[in-house]
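Input: one structure, supplied below.
Chain naming follows the written order as A, B, C and D, and within any one chain the residues start at number 1.
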């Protein structure tokens, strides 16, 4: 007997494990989530500290042990997740399924690709384990509402970013033509990088115009970058005003046919007759 | 027989070419647009790579061949566009007509202006071909809605940018007076450039105040630049709120024909006759 | 016979001059404004170019002549303004009256304070002539609507800027304690300056944390500065939503007593009876 | 006889002192607040100037005297506050109670921890006196409304900051892998610090990518940081729009006593009975 939520109800153990791992509203589920959260944070901290030369020299063995123990814990968790859901392939292909596998893969890969010369490469692959941080997002339901608002404005934000990139390309080319190699703008890609640094108002200062025409072009670019941010903010604001206005207009009163009722309304606010 | 959309319907070939080149909702039109998009991206990439000294040394001939082939393709496309529209001069003077010509002109100009010493200048003119990127905008209808919103707030944003420039002038003059030449502020234009870098929060750091009064003035300038961005955002937000309120202008009063009624209006707000 | 707009109507010449200088809707008034605009821009450009050592060496005499001629023109204009208004002291004390005087004063002051050693100081005073740029604002009526919106949120923006300054003080003190003199943070004011540079996201990079605790504190400061801008934007947005919401609710229909009518409504949108 | 506002009304002196110290609407209360404000500003200025080596050498004794006199004044004020309120422990545990104590503690601590070698440490503790600045907030009622708006969006802003930190971690790790130690990215924490500097658009430039892949990743990071600010602004805007819609909660239904009706509602949306 299979239910809609994808759990096999015939196996009580499987069902219990599913409850603990996937649901966050039971005491055991909450405890599991809290423990997993701490474990992920510890493993990220271990990866970060291992990259600091002094820490690796003094606590290298400890950090590597922590890494292996946590990798085994995460592997067990991954297998349990696969086992307790009804459709393992469905989970494995989902966003969190991929993230869960990416979080354990690098450590095992470091065994398969041995050798002294590829040591740095191995460490690099292992570093991908910071993808574990995405797991944290699962515990924060608020993330979803943000993602929803972003998805609605996805296309417009993309167009905006495309315009910024196009502007950066033209601005960077102009700077390459004006400042040239002696000004540090050795190629169009270099000018493009400078233009991105300038339009986003980051302004590292590793590349900066030295000639007067270059400084004029750069000033125009800076003013553009400074004021251009109003466009995506406006897009987002339009979306918000639209959503707010549209939300309650879907229910019309069956008596007077007037709309504009709140989502929690039981009676029509104009004639008083019941809404449903 | 001439139609309103500017196509000569008597010539079936011309009409077919127009459909393929200018319309994006037929299978052939879609294919043409996709191919053009890829061609433009390839040509931009070729211009960018050619500017990198190492790539020019190793793949110079290939990149120049790509450039010439694509220039001929774009020329053919430009001629076809001129041929298939009813009013070629109208198209040639339109924004995209000018951009299309600017995209092919630099390569031909490099033939007319030969000579070793002016080689750099030729390459510079050729770089203008990045204007080809504007062609990409044609495929994104979303750009238009953004441009419309910007056009409505054009005057106010201009005033805002003028105020920023005026502030930068005063701030730059004060810094020139306070910091002087030993602080790198060699002239008022130099101070003005620094002020733009500071007010837009870019902050390269190539010029920075070293004296205490200079740092105080700079701090005031930074706080101004940081908080001033609320003004154009506010202008944009006002426009959005206004538009949202005005939206129902599509319904005209059947009696006095005037528009601008609210969505909940039953009677015309101008003459009092029922709206529906 | 004195009118409300402060002009003496008995003297036709005075009235005519007032019309030309103060009013912008007559052909002569428009011409005067356009000429004044160009004159101001030329004088600002002359001051800017004079500060560039190379221009001063090559065109010093010309620039000084332009400066003196324009100063005399602006003086004549100032005297005419005082003469043609009814209450000269009222104009002299107004914002533009003070700006107009500040725009001509520095050039005359440079005559009164002679001497080789104070030459630099004289030039500095003369630079205050950039206040002439404020005159430009007079021609842009849009500035006023912006200033009105800013005035309404004046107190809240001030509180926000105060909080930013208080945060900068605490952040700067912490950095002075952590980084110390060897990190460039030689005093609390130096730390305060760094904190302003960081919180406003300008980031010159002339001062930057080098120790790990310093970088952690700096990261917190940067995240604060990055996200804090939502507060004044929110304040401004509240003001806008408030203004928009309040505007049409003041008029109630005398027949059905319902509110929510637009400012241009003549008939009630609910029952159709006249509103006034 | 104890009143609800926590003042012992039996002792007239105590009551009078409470009025002067805690209330800001009597002439004496206003004078006290103004004096306290000036005193706090003077003490902050003294701490700031004492940290500047040249001022400490020339005016060290004066600044130390000012510090001690003001510390004694603030101690007297703190004791008076404890004495005149009904529940001293309640006040001592409140936000301003803790700030008031933190403002006087460091100076006394500098006496208990003597010795030449710990001189710097003592001065550091003393610097915490800048917490006095928080006292200023008490006098600005506007701060409270801002804090209220921030509290409502607290969770969402936290999630946003968490996402920024997670992004910075992944971006920093990628840069550490790509740029490596020769690019200045000596460890993941160093890369993380660089990512925070970049995502917040501060851009010191002390660390900047030098390789092409590094500059590509950095460009993506900059575009993310530049456009990501729309998320918290959107969150804040949603809150504002929501609040504006909810505002009319002051009218309760005379039948079912429930609130939350729109301004144009005639009947209660919950029970259907007429509202007015």
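One rule holds in what follows: a residue touches a chain if its C-beta (ideal position, glycine included) is under 8 Å from a C-beta of that chain, and two chains touch if they have at least 3 such contacts.
What you see is a predicted model, and the numbers here were worked out from it, not measured in a lab.
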Among the chains, which one keeps its Cα centre farthest from the Cα centre of chain B? D
Quick check: more C-beta contact pairs in A-C or A-B? A-B
Centroid distance [mean C-alpha coordinates] between chain B and chain A, Å: 30
Distance between chain centroids, defined by C-alpha means - chain A, chain C (Å): 41
For chain C, what residues touch not just one other chain but two or more? 160, 189, 192, 201-205, 225, 229, 233, 235, 237, 241, 260
Show which residues of chain D lie in contact with chain A when the two form their complex. 155-156, 159-160, 162-163, 166, 169-170, 173, 176-177, 186-189, 192, 198, 201-205, 208, 212, 215, 218-219, 222-223, 225-227, 229-231, 233-235, 237-238, 241-242, 245, 260-262, 264-274
If we count contacts the way the header does, which residues on chain A are in touch with chain D in the complex? 44, 47-48, 51-53, 124, 127-128, 130-131, 133-134, 136-137, 140, 142-143, 145-146, 149-150, 157, 160-161, 164-165, 189, 193, 196-197, 199-206, 225, 229, 232-233, 235-237, 239-241, 244, 260-262, 264-274
In the complex of these two chains, what residues of chain D are touching chain B? 201-205, 233, 264
